[in-house]
Amino acid sequence: MSFSNNLKENVIRSAGVDPKKCMKCGKCTATCPNGNEMEYKPHQFVYMVEKGDIEPLMNTDSIYKCLSCFACVERCPRGVEPAKFIEAVRVAKIRKQGENHLKADMIPDLLDEDLPQQAIVTAFRKYSK
Amino acid sequence: MQVNEFKPKIVAFCCNWCSYAGADLAGTNRLNYPADVKIIRVPCSCRVNPLFVLRAFQRGADGVIICGCHPGDCHYTTGNYYARRRMTLLFSMLDYLGIEKERTRVEWVSAAEGAKFAATMNDFVATVTKLGENKRLEDLRCKK
Amino acid sequence: MQRIGVFVCHCGTNIAGTVDVKAVAEAMKYENGVVFSTDYQYMCSEAGQNIIKDAIKEHKLTGIVVCSCSPRMHEATFRKAAQSVGLNPYMVEIANIREQCSWIHKDMATGTEKAIILARTAVAKVHLNAPLTSGETPVVKRALVIGGGIAGIQTALDIADAGFPVDIVEKLPTIGGKMSQIDKTFPTLDCAACILTPKMVDAAQNENIKIYSYSEVSGVKGFVGNFEVTIKRKARFVDETKCTGCGLCTEKCPQKRVPNEFNLGMDQRRAIYIPFAQAVPKIATIDADYCTMLKTGKCGVCSKVCTAGAIDYTQKDEFITEKYGAIVVATGFNPIKLDKYDEYAYSQSKDVITSLEFERLTNAAGPTAGKLLRPSDGKHPHKIVFVQCVGSRDTRECGKSYCSKICCMYTAKHAMLTREKYPDTEVYVFYIDVRTPGKNFDEFYRRAVEEYGVHYIKGMVGKVIPEGDKLIVRASDLISNEQLTIDADLVVLAAAIEPDKTARPLATMLTASMDTNDFFTEAHPKLRPVESPTAGIFLSGACQGPKDIPETVAQASAAAAKVIGLLVKDKMKNNACVAHSDENMCNGCSNCAKVCAYNAISYVDKEFRMPDRTTRVRRVAVVNDAVCQGCGACTVTCPSGAMDLKGFSNKQIMAEVDAICK
Amino acid sequence: MQEVMKNKAKELLASGEVRAVIGWKKGEFCYDITPAVFTNAEEIDNGFIYDDFCGANLSKYLIKEAHKDGKVLVFLKPCDTYSFNQLLSEHRINREKVYVVGVSCDGKVDIEKIKRTVGDGIIALSSDGDKISVETLYDKYEINRADALAERCVNCKSKKHVAYDELLGDEGEVLDSKRFDEVEMIENMTADERFEFWRNELSRCIRCNACRNVCPACSCEKCIFDNDNSGYVNKAPVTSFEENMFHIIRAFHVAGRCTDCGECSRVCPQGIPLHLLNRKFIKDINTLYGDYQAGEDPEARGPLTSYTEKDPEPSVVTDKE
C-alpha cells in the first residue's frame, strides 16, 4: 500500500464520514460563509479526499480559512459532512511535527481587544497543537 | 483409479421459480455437474423445513443445499427472507453441535444463472467429497 | 394403495442419448405400487399422450410418473392428458431426466443410474399425492378506484369502456387531482385543463362510472373477486341530487376569509365553495370549519339564496357498503412540507414559493389571473431563481432519499414559459443533475437553454436571505468553482413529492405492502408493475412511485387492463396447491399469519369436544384458498405441524428425501 | 412472603374474584415442590408453599386452567412473567381470565447441587438468609445458599416483572447476565470437541419428554413427535441420531419464542444442559438480528416471523473460519 493511500485512509478514518456518499451537489460550497476565500472549496475537499489527492489540501491555507461553522454539515443532504474532512486534513497537517500554522509566541501580537474570548480559545485549538 | 471412490449423496432443494429454472438452464446449456446432486422441487425456499434438512442427513445424505431466488426477487416477495433466517440459525446450531458446517449451504440462484448453478454444485460436491461420508448425523438403521 | 404408471420419454436422442430409457422403464416395474411401465420416443406427442391415456384407462392407474423434460416445460401437457381420461391432474408427477440428467451427464451408466433414482423419487411422491381440486370463487363484476386524479380517472374510463361498472372514491369535493392545478404540461406545453377536463366530464357522463366525491374508504373486507368496502360519504351539507352548481351561494356567502386550498392558500374562498369552475361533480360544499351557520347557528344566507333548496345543515356523514371484484389504488402524491428547510426561507418570505404554487401563479384561473406577480407586493419579478432537488435525494430525516423524477422537467417548463412570456426576466436554475429520460424530454430541456436563454448552473443554493424586497440567494457554481450571490425577486423551490398521507392507513386496510417511503410495492418490480402482491389490488399512478403524466396514464391503463382481465372471469380458479391447517392440531398462535405475505390466514374461535365430553373453545387458523399463493412460508413457521401445503406436503417432500438417500 | 401470598390467595378466593389459585405445594420429599391448583382456603392452609425450591414456572398451566369458567390467580416469578407474555402473544391464554400476582424472587436452589455436597437421604432442609441447613439420614450440613443456586438463577437475566396485576415484594431490574458465557465457551471449542461434548450430553437422553412437557413454549395441542401424520413421529430414541434430531427440532421449534426460563434443564432427570441449545439460538438471534428477548413485549414480532432486507447471509455460518 502506498503512502498516499495510507494518508487517504487516515484522513477518512479521522473524519469518520464516507466521501463516497457525496452526490456532488455543491450545497456545502453554496452555503459556506467563507467559500470565496478558500482556494479549495468544501466540495473539493470531499472530492479530493475521495480521489486520494490529499497533499494539495494539506498545503493550502484553505484548511485555516474554514471557520468550522458547520453550515455545510448542517445542510448536506447526504450526510457527508464536509467540514469533518477539512478538520481531518488540518489535523493530518498539524500532526506532522513543526507544521503548525501559528506558533504560540506569534499569537499575542495578533490579539485584538475586541476579539471574543471564545475566538481566542478556538484559534489556539485550531492553529496550533 | 480408486475402486471404491466415495460418491456423496447430495440433496438440493430448489425453489420452483428461480433456482429450479436455473438448474434447467444449466441443463439446456449442457453444463456438467456431478450426478450426485439430486434436486427436489419446492415452491419457495421458505417451504424448506429445517426438519427436511435433518431428515436428509438422517437418511444418509452427505450434504444438503438450499437454493432460492435472490433476496428481494422472491416470487412470493418475502419467502426467501424467512428462509434465510431459518437456515442461518439451523446451520449455526448444527455447527454448534459439531456437525461439519461445510455440509450445509444456502445459495441464491436466479433463473438466468445456469452457469452459477452448475458451478455451485461442482464446488459443493467437491467440498462434501473432501469431507467424506457423513458420520455425525446419520441414523444407522437407514444406512444399508 | 396407488396403482402407478411410469412413462419414460426418449425425447428423440435428447434423453435416450445418455440414459438407457429401456433400463429405466424396466427398473420401475419393480418399484412398489408400479403396475405399468413403458417408454416411448416422444411422450409429449399426440401418440405419446395417447399411450398415457390408454394406460390410465386400461390399468386403472391412480397416479402416473412421466420421466421426461422439466415440469416447467410439459407438466401442464401431461396433467391435461390425465384429466381428459378422468385422472385428477394433481396425480401426475414429472421426473426431470432431461435438463437435470441426460443433458448434464456424458456417460450412459451415470445418466441411467441417476434417472432411475429420479424416477423412483417421483414414484415415492405420487404414492402420497392426493387428488386436488382448485376451488372457485365468483367474481363481483364491479371495480373500485380509490383516488380521482388523472390516474384514477383514466383507469376508471378504461374499465368502464370495457363494460364493467366502476366507482371512483375521491376525498376532495371534485375529481381532477393534482393535474387540475397544473397550468401547462411538458414537453408539449398544452394546457392541462384542456386535456384533463374533457376526461373528467367523460367520467361523470359515463353510465358505468359512479363518482363518490368528498368520500373516503373506511373499511375493506374480503379478498380478490369479493371485496366488501365501506365508503364514508362526508357530510357536505348540500344535497347532491338538488344542487345545480349555479354557484350563487358561493358568491353570496358572507364568510370570505377561508384560505383557498386549490390555489394553495394564495387567495381566499367562501365557506361554501366549488373548488374550481370545471369541478366534477359541480356541487357546492360547505366547509364546516368556517361556516358561521354550522358553528353558531346564525346565518343561513346560502340556504336563502339557493333556489334549488339544496342546502341541508343537518346532513351527517353517511356510510355505504359496496362489493367489488377488484380495487385500484390511485391515491397520488403531494409536495412535501418545507418547514424543515429554513435555509431557503420558505416560511420567512412570501416570495419563496413551491413549484406547485408557481403553477397557480401562472394559471389563468389562478389568484393572479395568470400574471406572474410576486405574492408579497404584486410586482413583476425580474430575476427568478429555481432550486431543484429540494428535499429529493436527501438522506436526512426531513428529506426523501429518492429522486422525485418530475422536477427537472417541470422546472425546465417553468423557466421556459417565464422567458417566453416575460423576456425581460432573468431566470436561473440550480441543478445537481438534469434528468431528462423520456421522449422529447432532453430536447425540451435544451430548448430552455438554447432558445430561451435560461441560465442553468451546476450547483446548489445554500441559503436564501430576505433583504428588503430582494431575496439574496447564495449558491455555488461548481463548473467555474465559485460562490455566487444573486439578488432575486422570486425563488421557486422544486419540492420533493411524497405519497399522499391517506395511503398508509389505506394500505393497512387493503393489506397491500408499502416500502419505507410509503409508496405501494408492486408484485414484481419488472414483470408485474401495476399489481400489488395482494391479489385483486392494483396500482395506478404516483402512489407506486414518482411519475409524470404520460407514465401515470400508461400505468393507469395497464392497471385497467389487469382489472378487466380479472372481471371478465365469472369465477376465479384458485391455486390448488394451497396451505391447509389441521384444526385439531392448530394452537392458534398466529405465527403463520405473521409470515403470510398475502394475508390469507385468519383465525376463528371454534368449539371442540374434549375426550372427557366437555367442550372447549379454541382459536384456530383458517386459510383462504382464494388468496393463498402456496409458497409454504406458514408451514415451516407452524410449530405443531398443523399447517401443511397441498401438493408439497411434509410427507411428500420427506418421501422424496428418503428416496434420494436410499 | 409465603404468608402474604397465602393471605392474598385466600382473600381473592373468598371474595369470589378468582375461582382457583395456581401455586406450589409439597411433593414426596421436602425439596420436590410441585405446581398445584388450589380451590379453597383449606387447601391453601394445608398445602401452599413458597420457598427456595419453587422453581417451577407456572405460566404453562394457565393454558388449561384459563379455559375454564371464572378467573384464575397465578403467582409468577419475574422470569415466569416473560413466558406468560409470550403465551399471551401467541393467544394461548385469555388474559381476562387470569389474575397475575407477581412475586419477587432472589433465586431458587438446585437440589442437585446440594446433593453433590451432602449425598442422598435428605430429610429436612431449611434456609436462613445466606445459609441452608440440610439434614440427611446420616448427618447435618450447613451450606452457602449462593453455592446452591440453580445455574439459571446465578445467571439471572431479569428480576423485573414484565406482566402482573398486582405485585408482592419488591420490583427488580433487568440484569446484565453472563448467561451466554457458557455458550461462547462451547463455540470456542473445535468442531470435534463440540461433537464430543454434545454426544456425551445428548447420549444420556432417555426421551422421557420432561423437557418438552414442562416447556411453556412447547405447548402444542399435539406435538409433531406424537403425531402419526406428521411424518416425524418418534417416541423413543433408537439411535444416536434421534437424540440429536429430537433436541435440535425442539430447540428450533422454540427458537425466537423461548424466553430462557431454564425449565428444560431443571427438570431433566439426566442433567443434560438443554438450556445451552436454546441459549445458542438466543445468542445468534441477538448478534445476527438485534437484541430480542421473547416475552418482553407481547406486541413484538418474533425474530423468525420477521426479517430485514439486510439480514446476514447463511454464509456467515457456513463460511466462517
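What to note about this one:
When the chains are written out, they are named A, B, C and D in that same order, and each has its own residue count from 1.
By our rule, contacts are C-beta pairs under 8 Å (C-beta built on N, C-alpha and C of every residue); 3 or more make two chains touch, one makes a residue touch a chain.
Because the structure is predicted, anything quoted here is derived from the model rather than measured.
Shared contact partners of chain A and chain C are absent; no chain touches both. Taking C-D and B-C together, the chain pair joined by more C-beta contacts is B-C. Chain C and chain D have CA centres that are 47 Å apart. Centroid to centroid, with C-alpha atoms defining each point, chain B and chain D lie 36 Å apart.
Centres computed as Cα averages put chain A at a distance of 53 Å from chain B.
Counting only residues that touch two or more partner chains, chain D has 232, 304-305. Residues of chain C in contact with at least two other chains: 595, 637, 650, 654. Shown for chain A are the residues in touch with two or more other chains, of which there are none. The full set of touching chain pairs reads A-C, B-C, B-D, C-D.
For chain C in complex with chain A, the touching residues are 343, 389, 393-396, 399, 432, 458-463, 474-478, 481-483. Residue ranges of chain B in contact with chain C, taken from their complex: 9, 11, 16, 20-21, 23-28, 30-33, 35, 38-44, 46-52, 55-56, 59-61, 75-79, 82, 86, 118, 142, 144. Listed in rising order, the residues of chain D touching chain C in the complex are 67, 89-92, 219-224, 227, 229-232, 253-254, 257, 301-302, 304-306.
On the side of chain C, the complex with chain B involves touching residues 70-72, 96, 98-101, 103-106, 110-111, 113-114, 117-118, 121, 513, 521, 523, 533, 577, 595, 597, 629-633, 635-637, 645, 648, 650, 653-654, 656-658, 660-662. Those residues of chain D that touch chain B in the shared complex are 186-187, 191-199, 232, 238-242, 244-245, 248-249, 251-252, 255, 277, 280-281, 284-285, 288-289, 303-305, 307-309, 311-318, 320.
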